[in-house]
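What follows is a pair of complexes built around chain A, which joins chain B in one and chain C in the other.
Right after this comes the complex of A and B.
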């Protein structure tokens, strides 16, 4: 067992974070200034990026938190200091953008730089570590997520970040942003839903028939190893041929290039986790329970719906979690074949070497996957709790 | 020879013949293209691109394996125990990052070309290997460790002679997952000007030439399936060796 700690000791993780904070404050640029959106950036240290009083206040707060990370061991105290750190750091990025942009200059762009990223990384690590040590239940995790998302929404809607380059990129294409967002969700969530409709019955059938199980799992396993862009490419040819020869398919919007091959590819990737987890979930239903249900005179259909599927639900949900997170990420690649989604901005940005445009596509994708994984993890825990 | 190994061998043979002399297969692709367009990728050698693709993936995986296994060993030692809860959550969070986002974010940091691809493959490849190293090392039965301690092994000997061999199949599974993800991500790397098989697919998408897309896609897919299969074989051999050496010790 772990020996009792001496009263005063240094937290090893805290020491690492304190070093990171020190580097971020004094040795790394806080923000990058560009004369135009694609000009090369000029680094601005923290002391140049904010009015002197605010810069010193930020330094003092960050140093205080670095000391706290080393000395305070209570998870609640650590979480509190991480929250204070982020609450000071995130708005000051917006203030810095306003400070660095010359008045009446609509071409200049300010984006966060290494120092800002390191500071937010250190504070987030502190928060994640504190939350991990608190071992929150599913409800607590959802509350923490809701608080985080509301804080982010508040920052975005308050207008404090309006001078940041990424928000300016958003402003100029707000319409297409929401259109691509809908397309991204349609691809990721739609293919997941269809994969559930196909995968769960297929999983049930494969659980009953050994020969079907081997064939299905091996076939889907091979699909899983094919890289996304290759599978998208491979689907272009048959769908293009289908559209050319069957007018109805073309009328339905099925084309070689576009959303159709992306949707089908995502569906194919999604099937393996759902089928495999349905089989695994049904396999772990205790034999005595199935026997008891039979003894009570339940029909096979009643046994499946009232006993086996509810018991397999947590494992099936875990499969759905894998699929949703995977789909939200893979849907980004759909833009390469004209399928739309947030990848549109990523690839446009790469093409124009406009980094903030890349981030405009990448950050929402990461946030969506992150939120989806926390919500579905909580659902898995809830469904386990309901069984207990 | 078993049928599965026959399939394996013929797939490998097909791949090698296709990348070394793709012109021989031109007749297969001709029906797909508009007249006058090239049926076989003509902007570079498929063989060279395949080799470059494999080289990037191998180097990145080697680097991530070294770091991930070292980190996994560190956080499972008493001196690194304070980092264990954080590193578990970080692995979970990191895997919600799509590989393409990692690639896109690497571009502003290191510029275009091979470097962002290498950085993305390296960073993303760390996660599965680290996760599996953790699982493998924490699943070593306490009785095996007790026995090793009882035999007078020091901490280093226990790690090298007991813990790592027992965790090896798990670590290899992580490496396999990481290689497969990297093969795919390296393809997308061609959008940021890395040399690799993605070039063929992207050239096809840009010039609306389905034959190119199909060639690139087929080579990558075949490569991925073969590598997945080959590494799986290695894992089974490692697991079998482990079983035998455990049986031999009384």
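Right after this comes the complex of A and C.
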């Protein structure tokens, strides 16, 4: 028996989103205007931030979507309305920047404000919720990610956001942006890769030897409790001494400050999740499967490569996912000891009280972590699918 | 021929297998039976050296197993355990191909062998070859487990409670299938169980173990009629004894002349089956048919009862 449905049913998340959208439209500033990049901001409501016709259009669309979020149950319909919302909202931010910036004024800056953030948050939540309800498989999620990233790239390259302050910050330091991006990825991904090369064998050995396991897990657990800045600081002295006494180390660029201590600190943080998950993954290989493998005459190496590691892979990949997301965030702090990365812009921006420069460092970090977690989640699912 | 020669296993001060010796003839099915903790599994696992003996040795056709490298020895011995231990990340065909791959058979020969085994175990290759273990029923998993153990044509098959995870109906079918396959391939089998019915149903010879020791090693009828001691007698089950004895004898052997009325029974059925039909139908005798269905005589209650007790 299907229970009779009420004539009109409200979606709970939809109600919350509708309230958010209402607040964003009428009570929160859409954009912030600054006379110069470090001047204090003046809030602009949506109705002041865009030409009247466009502002009213955006309000109508947003209200329509709020109603849709409350009433429409079909995930595809919800996803469609979220996409329409973002497709109207994101370009209009760029138009607003052009509208608010006085002609021939290269000092004035326009940045998104609370109203814009709330609207984009609401529409993104609506999209994510719709995607979750569609229960996409790992392949579908990767496709959705590719579509989202392409849309973002299209917005950036179309030039429609060029009047925004954050893009102006980017233009004045485009070279250093990509250099720091490479450095950020090198620190985060490189230390993760090295952590896998060390951590997986260490995990395998710890799984076999109980005494090693206790020592390794406790040691890495203690490392994990040291705050990142403190760990960077702790590494300055030994690495400085190393560089001073071993010319080769200095020639390789190892110094007390810079990328070397940051890389090593990230590596140390990365080891615990990888080692612990390798051990956990190997532990959950059913004893009867391991016994059968041995009874059929598989050598220890064959058992490891053909049976134990494939069965442990989803858990190991889950550890790698934790490490990558954690590293992408932590690498930001590396800038404090001269290690470079997106943190450079964050700390410069804090120093100059230029909030848009902070965002220039923070937003790419968030996007990278988000993309990395979706890709690795999909990989975990793929590896589980292979095990079914 | 497998020779178990003064085999002993000791963990610290605990004796798990205490100085056991017996021989298993080529092509026979020997059941090792006993209560749990009697040391049956350890005994079995010493044959393929999953457990290294503390003392004694195992000879396969006169060759001491200690002189063969462990893995090479296990490639030659099939091994089936309770729960089967199928590889969850490999499909049925790949599971069955495990040992042939370890032996580096060529691809074509492996594919051929897998298909042959799937046919032998009544699993349609087109349907089952690419299924994963979790997609199979318990009975199908069991068959794949045995097929995998037989893949490289081992002369010896070790089975540790291979039917323990099956329900009663599927279990008795799986037991009959195993017997049929064993007759057909002539594989020597050593099977461990705690189930006395299974032991009498399957065993050419039965080894009874208790507290690390071998109490008796004999043919099933011998075990019934001349139990070595009280423990064996209790294990065999005093009340079950005559019926077990009847189930060991075929109708063929007590065939008498005459044409009784009623539904005929096949000559290859056991006396146990014949008696139960006689009791159920209230008759004194049943007609007996050969495999082709022709009536070749009859079997009567009197002749059956004479077989339900030890012969003088």
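Note that in this section the second predicted complex is superposed on the first by the 382 of 388 C-alpha atoms of A that agree within 3 Å, B and C clash if a C-alpha of one lies under 4 Å from a C-alpha of the other, contacts with A are read in each partner's own complex, and residues count from 1 in each chain.
FYI, contacts are C-beta pairs under 8 Å (C-beta built on N, C-alpha and C of every residue); 3 or more make two chains touch, one makes a residue touch a chain.
Since we're looking at a predicted model, the values are computed, not measured.
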Report for A:103: first if it touches chain B alone, second if chain C alone, otherwise both or neither. neither
Residue contacts with chain A in the superposition, chain B compared against chain C: B
Would you check which partner chain A:174 touches, where first means chain B only, second means chain C only, and both and neither mean what they say? neither
Under the stated touch criterion, which partner chain does A:53 make contact with: chain B (first), chain C (second), both, or neither? neither
A:370 contacts which: chain B (first), chain C (second), both, neither? first
A:355 contacts which: chain B (first), chain C (second), both, neither? first
For the complex, which residues does chain B have touching chain A? 32, 79-83, 85-86, 88-90, 92-93, 95-101, 104-105, 107-108, 112, 180, 183-185, 187-188, 191-192, 198, 201-202, 204-205, 210, 213-214, 216-218, 220-221, 224-225, 228
Across the complex, what residues on chain A touch chain B? 2, 11-13, 125, 128-129, 131-133, 222, 225-234, 236-237, 240, 256-257, 325, 328-330, 332-333, 336-337, 343, 346-347, 349-350, 353, 355, 358-359, 361-362, 365-366, 369-370, 372-373
Looking at the complex, which residues from chain A come into contact with chain C? 286, 288-299, 302, 307, 310-311, 386-388
Parts of chain C lying in touch with chain A, wherever the complex brings them together: 48, 50, 70-75, 79, 81-89, 98-99, 102, 132, 134-135, 148-149, 158
